[in-house]
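Handing you a structure now.
First chain written, first letter: the chains are A, B, C, D, E, F, G and H, and each begins at residue 1.
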């Protein structure tokens, strides 16, 4: 999944089964021209490799981390504990409580180690990419322009189809 | 907090502020004659020391671990990720959502790494000690007898005061 | 369902309809080489037989109990009331509130009688077996080794398939 | 708490601490002229005495049972499992989740053994008495008249004080 | 739906679409030999007819009322406001919040007018019939015996199929 | 509470204890120069008078109804069932579930009879008055201007105190 | 979607995907003879056009606004911030939390700017139209009569099919 | 509240009453040496000024925005709609639902416009500052070092006080 230039965003998910949702993150980053790497790693089943991946992310060129998990959803927090890079959490929907558990497990971080949490499920997967782009855009004019273009295009799609009774 | 004999239970909590609740765990273990150690450690602020404490618990003589945390409450899971000793989670109540966040963050562990979660707050703090005792009692007759005695005494207290209108 | 050697774990569920979920408990125990017995019993419809089954579990060689139930989910607590063996509760998902009712009914036990509750539904069914194994492993080296091997294998599966975009 | 005539309602609560709430049940029954008995018994700590109390209620003259409990709140269901007398459940409020746990633990009974659940806390304590009266009134004209009078008086209190800005 | 003898239970539901669930109430009453009548009436769309039906229930021979509704679920309370007969509420599941809204709308009645609420959806539909039977059995020996037989049969079904791995 | 001119808004609340919250409705209407009447009436304890009050509201000159209730909170719906005047519901906070029960009981009305529900508690009490004003302003220019002035003043208060660290 | 006469109701939804639900609003308004316009606009993706549409609604002849949105559901509030016309909010169901998020995001408006919120999903879509009609009916006799007729017809449908066991 | 150097973070809150919570944001930023500005602005009561403040933030030198709000909590989304700067949302606790409403209103943003949401209440206020610092640290070495130092100090505080029974 790694694009050839140095990745600037690291995506990690707790299970292979999160990929159908998180593909929206990858696709959105690709659309914005932002190279990334993507990994499956578990805070609970592979804690050392997870810690290692997070701790070395900055030196691999990564500037923002996106972590997806369901249920107890400790992954974003475990990542955030090992780096000061900004970590974006995406709560997965595919558990009994439909992502409410994952949302609370991600967002309710104790003072000291934040996780910026986005929407549950696929809307969150897209938004995680856009949020990563916004963070990179603080110091990267090209990303800022790509983000502006993305937004303008989405707004125009709405304005071009004002009448809901005529399915686009 | 360490009693002189080799501790058999390890208690860990995410914050000093959890102690007023978790003192019920310590008191109940003491009442059952079970030596323990107690530590403050944070899954997010001191991840390496937390992992180290969990990973070495078995060789320190510990046989059961009790972890208390509030909010995102990753501590029991982080402990469980580094040991195969049974881990008991106690959700702390002192956050906006009154422990529902901590409960879900603890109990909804992914398949592979369980946490046995008990009641929110002080009832859970007492029950964590009793559950640790029940685990030890599988192979320790003295603990089994102490647990039987504890239960019998509690039951008798109820039976001795059958009339609710006469406050004990 | 009873394996020929003396069962060491007793599985009980409130309804035959819980079996498709709880089969994961049975399969995981079998994989770990832990003999068990499994029964359908209801805290509400067969209270005496349930009490009797729990009260005699220890003398049948059982060392850990696993109880699955949905809705009001009184079964684990009813079992725990009649034995000091550790009881693991598995909340079933197949009710209107998707297991939140069963979770709260199991985990919020009053001080005195704990139930160690695991995840809702199938993740919990697997984890109940692993938790039972962890409890047995406190005093049984063979189970401890089987559990270590189980964990290592699961971790390796993740590490062998690091790229989520290449479906395993 | 037992009035001298044969009690017709049995009130049971899981803890002495439920009495300040459940006193409203006792007071309302007294006001309606319905004799009752009241007991503290725990489904988990005194399961045999609880079962015995329920199983013998009918022969003691009792025709309706009221059970109050908090948290896992198994008491009404445990009572209902041992008698076919109608059981009214009152969820107690004094736990972290403010009675939502007790409500779900009581109301979500499996098919076969119902509990008629009323409001959380003090409104429920009053209503449990009124519901017991309604059940007795099916075959007892005196209770039916007392209930009619109670209702009429409460309605009149509202109609006599129509203006909310003039505190009664 | 009216059986020929004088109905003793009145079933009312807020919508024709509740019938597939509430048929379990009708079937269970029929199995117990209890005559009933069943109506569709809405607390909000036909308030006068609803009030009239409730107010005249007692004189039609009815002794217990069962009301099913979803969402705001005012029907049981509206019925209870017009009669002192015991009212059993059954929360319907088929709304966005899966019956949690209906449950709270039914159970949280203000002091003065109780509704005995049972489980959400089909388990509640069966239990409403059994609860009505328990209420009638207070003064009707035949119903008491039918209820005892029903319970014994259900218990035996469980005891006859103890092994969950052998699907009945 | 009735101002001398013909009331244009009718406020009803289920209990005298709702008045401390609902006084904000009265004060806001007074501030906007809108005459109103206020009553305590209960959907469950005084159903006939409640129905009567609602059914005759239009002929008393009332054009909008505001109904406050807690818990099962059937009052707004009961009012709406008896009039086609717009009904605004205000969920009261003072119950165990902090108004979530009242919110769901009001807002989840079945298709056919709407209630326009506003915020829980005091914010909702103020907003109910403003919403009533907005409804009247559809055909009343004076109210429209009063509402514009109210909004402008509130906005100016914010703009006049831009610095949060300097408490106003 | 615009009917030829001047629209009196403006319907806005945050996404084209809300139309299958909101078609019930359009159909109900059409049935009542109330002309309307319908637009897709996003509070977040097209904030300026949304503000503009709301700010100019009154001068386009519109007297009531209906806004549908899911998730964070800011649309009704954003509309209400730019007009004093009454705004009706319809929470969409098609997100992970089944509309509970949208409900809270709409209804919990701060004091100063109300949104009258109706039921989640399709029941709310129908009710939004009826509520808009009730608001218009305050000053429009023709709409008042159409609304009366609508209600009478719906009530008659229920009264014509009293027996739930005979599917209509 | 503006420090003399060009502010790099903009803090906005919906009400003066949010300041006692959000002071933790200001204090934490000050401790990290990050200049900021703080404003009270309302998405609903001052929508134009809010939009203007957000739209001009980048040109005022601001690189990250922090928005606090309670209840419907539209403020972070309204800000995010007008800028591509990263927006951090802090749900306020002081409403009936204890911040759950604000959390859902912030985090469940539709695809296209993300808000990175942090913990409810004071823990979130501190974490918002740390998250802003992490974002700035992507391209600012001094902030990165300040953040490292902050974390190390907090970790050391825990490690220096390992024994929970000895209150620090």
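Basically, contacts are C-beta pairs under 8 Å (C-beta built on N, C-alpha and C of every residue); 3 or more make two chains touch, one makes a residue touch a chain.
None of the values given here were measured: they were computed from a predicted structure.
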item: Partner chains that subunit F and subunit G have in common; value: E, H
item: Equivalent of F-G within the choices A-G, C-D or A-H, defined by over half of its residue contact pairs recurring; value: A-H
item: Whole-Å gap separating subunit E and subunit G, where each centre is the average of the chain's CA atoms; value: 34
item: Between subunit C and subunit H, centroid-to-centroid distance (C-alpha), Å; value: 43
item: Distance from subunit G to subunit B - Cα centre to Cα centre, in angstrom; value: 52
item: Multi-chain contact residues (two or more partners), subunit B; value: 42, 45, 71-72, 95, 97-98, 100, 107-110, 112-113, 115, 119-120, 123, 151, 154
item: Contact footprint of subunit F on subunit E as seen in their complex; value: 14-15, 42-45, 47-48, 51, 70-74, 77-78, 80-82, 95, 97, 100-102, 104-110, 112-113, 115
item: Contact footprint of subunit G on subunit A as seen in their complex; value: 93, 98-100, 119-121, 123, 151, 154-155, 158-159, 161-165, 167-168
item: Subunit D residues within the subunit E interface of the complex; value: 24, 63-64, 84-86, 88, 103, 107-120, 122-123, 126-128, 130-131, 134-139, 144, 147-148, 151, 154
item: Residue numbers on subunit C that touch subunit E, as the complex places them; value: 1, 13, 16, 18-19, 22-23, 26, 38-42, 45-46, 49, 71-72, 95-98
